[in-house]
Amino acid sequence: MPLPPIDQADAAPEVRAVYDDIKATRSVPDVNNFWKMIAHHPPTLARTWDSLKEVMAPGALDPLVKEMIFVAVSVTNNCQYCIRSHEAAARRLGMTDAQFGELMAVVGMANETNRLAVGYQVELDERLK
Amino acid sequence: MPLPPIDQADAAPEVRAVYDDIKATRSVPDVNNFWKMIAHHPPTLARTWDSLKEVMAPGALDPLVKEMIFVAVSVTNNCQYCIRSHEAAARRLGMTDAQFGELMAVVGMANETNRLAVGYQVELDERLK
Amino acid sequence: MPLPPIDQADAAPEVRAVYDDIKATRSVPDVNNFWKMIAHHPPTLARTWDSLKEVMAPGALDPLVKEMIFVAVSVTNNCQYCIRSHEAAARRLGMTDAQFGELMAVVGMANETNRLAVGYQVELDERLK
Amino acid sequence: MPLPPIDQADAAPEVRAVYDDIKATRSVPDVNNFWKMIAHHPPTLARTWDSLKEVMAPGALDPLVKEMIFVAVSVTNNCQYCIRSHEAAARRLGMTDAQFGELMAVVGMANETNRLAVGYQVELDERLK
Amino acid sequence: MPLPPIDQADAAPEVRAVYDDIKATRSVPDVNNFWKMIAHHPPTLARTWDSLKEVMAPGALDPLVKEMIFVAVSVTNNCQYCIRSHEAAARRLGMTDAQFGELMAVVGMANETNRLAVGYQVELDERLK
Amino acid sequence: MPLPPIDQADAAPEVRAVYDDIKATRSVPDVNNFWKMIAHHPPTLARTWDSLKEVMAPGALDPLVKEMIFVAVSVTNNCQYCIRSHEAAARRLGMTDAQFGELMAVVGMANETNRLAVGYQVELDERLK
């Protein structure tokens, strides 16, 4: 019952233009299902791609660190599609098994200590105010 | 009504030993309220400190990257105490305003696209299965 | 290993009475799996149906707006069953593709800006206090 | 800017009747702010009280266990008001510091291992299917 | 310790331009703290404002419905700043107390039934697949 | 594309030692997939097992109550694997259908009232401060 993905061949020109930019920017032969689904709302497709391209570009943080942060959020939100696609992106950028292992360890501990801080209702220290 | 923090002077020996290790490891004069609160359950204090010390140590990822991942999770979970204390830790390790800005931008985009992927019920691409 | 759904034929009288009311109220030939599962705890079945019938009825908000709000929450919580069943309900009430697209866009942006507000620890403006 | 709590003296008869039942059921001199706030929508007040009274009553689980489960959910959702009020309720029912400490420890570990299971995308074991 | 808000007088030209557009679009004398905080990262400020302006504009859904959906997400995510500012926006667009009451009732029920569906591990009905 | 589970036969000695301790402690013939996945990062495997063994042991709370709290958190976080495995553990410890039904009812109501408290921005009562 979910909407079907929109393939390049069936896409309206404004959608096709975004697909072409994704393929050119990432040097990939086809776009992921994520883009083929949000293409049902072309303004969301265009806006999301423009935003993601800007945010994930190299800057003060390198792209691998950005992808690992993306995975950390996706794991915390339990988004399977997002974990798989951004873990894949991180591995293409060189993430090793040891780095993935440490990433998961930090994500796990942060989720645990977040709840301890909340559960014990810890007050801000003076120096953190 | 929350429990009061347990200061060093009032701490049982097993708690004091953990406080001393935190202060020595981090070269700080006193421990944060977080530790003074979970000290109400000494096994949780000891276990959490041992775990955090191991997980946040330099390894395949450097400590600044780990702190930024910690902040990303804490923002997603909306834990004020955790954001403040780990943002402070990241800044002590050299995080610049530009890096913080990009960190927040990635966290924001990840939270947005996580929901688009879920809301459109995107199927895994063959290559991600 | 999860419990099996309880079909009408196997249901106790108190469960059957709720099923009958759901079918009559919604003019449907059978109840969804959701009801057949929570029927394992008859007080939960009765209470949840009574509550949902009251809350989702036409009132100060029209039923389509209520279903879209339900979808917004379900996407944020990542509940696949809930998204599918309430998206279906919204479409039966007339939700168009364009409305669904805007709904998802708002849900995505709200999740993004929620985290920016939390991450930057924005203080309440005077006029919002 | 939030709505003001509705005190008993200013309450409409239908609201006052719920307040009276809460006070009688719990043997307390006044109702909590939670009730005085949702009283702005009388059907929500009546429905929520009826539901909570039914769900939290002694049954197959004893009331203290129910309150601790309530705290566990509230900590995971980061609802300060809910944590404070249900921790208070649990303590009135006899929860000791040691029990609270173990409750927090379980909540912390569950939040950690939830993310490890999700992050590693663990498949269901045959016996769990 | 959080960053200070950046007032118009201290803002760089690119930030001031966004502030001016917000004030003109919304006919308000000053921008909210939210914008003054994310202004610390000018690309995030510009991108977020452009996106929000596009997404919240009248379209297939009217602006009041969009604001109520925004509130629903913000309540589910427990973002105080977001609830206050978007509840205020919804009230400016005409949301009545009765509508707010029903909005909260739907958000509450959705959060409850989301967990019942997940906890009972409800399978998708054939017609929802 | 996720990593494969690491079976006992292929496990490094440090991993095998943990598997052996899990099997001995729980009197089970094999370890769950959860352990076989986090075994990709042996320090996480060892730390998580040590922590879980300590936290879930009989103490001020009995093991069944601890497993039900674990299920409550896992349902709130929507972790299918965690729900299934800890519901199974709770049933092995004697959880009845009636107890499971009440557990789900409390989890559902807590998630609902958490959002009502947040949405109405309820202030702490004096006695809860």
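Per-chain residue numbering starts at 1, and chain names A, B, C, D, E and F are given in the order in which the chains are listed.
One rule holds for everything that comes next: contacts are C-beta pairs under 8 Å (C-beta built on N, C-alpha and C of every residue); 3 or more make two chains touch, one makes a residue touch a chain.
Every value quoted in this text rests on a predicted model; they were computed, and no experiment measured them.
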| message | Give me the set of chains touching chain B intersected with the set touching chain E. | response | A, C, D, F
| request: Among A-C, A-B or E-F, find the interface that matches B-E: by residue number, over half of the contact pairs should be common to both. | output: A-C
| request: Answer with same or different: of all residue numbers used at the interface between chain C and chain D, are over half used by both copies? | output: same
| If you average the CA atoms of chain B and of chain C, how many Å lie between those two points? | 34
| query | How many angstrom between the C-alpha centroids of chain E and chain D? | reply | 27
| field | Inter-chain centre distance, chain A versus chain E - centres from mean C-alpha coordinates, in Å | value | 21
| In chain C, what residues contact two or more other chains? | 1-3, 38, 40, 43-44, 47-48, 51, 55, 76-80, 84, 88, 98, 101-105, 107-109, 111-114, 116, 118, 120-121, 127-128
| query | Once bound in the complex, which stretches of chain E touch chain A? | reply | 1, 43, 47, 51, 54-55, 127-129
| query | In the complex formed with chain A, which residues of chain B make contact? | reply | 2-3, 5, 32-34, 37-38, 40, 44, 48, 51-52, 55-56, 59-61, 65-66, 68-70, 72-74, 76-77, 79-82, 84-86, 88, 96, 98-99, 101-103, 105-114, 116-118, 120-125, 127-128
| said: Using the touch definition from the top, list the residues of chain C that touch chain F in their complex. | reply: 1-3, 38, 40-41, 43-44, 47-48, 77-79
| Contact footprint of chain A on chain D as seen in their complex | 71, 75-76, 78, 80, 83-84, 103-104, 107-109, 111-116, 118-121
| query | Along chain B, where are the residues that touch chain E in the complex? | reply | 78, 84, 87-88, 97-98, 100-102, 104-105, 108
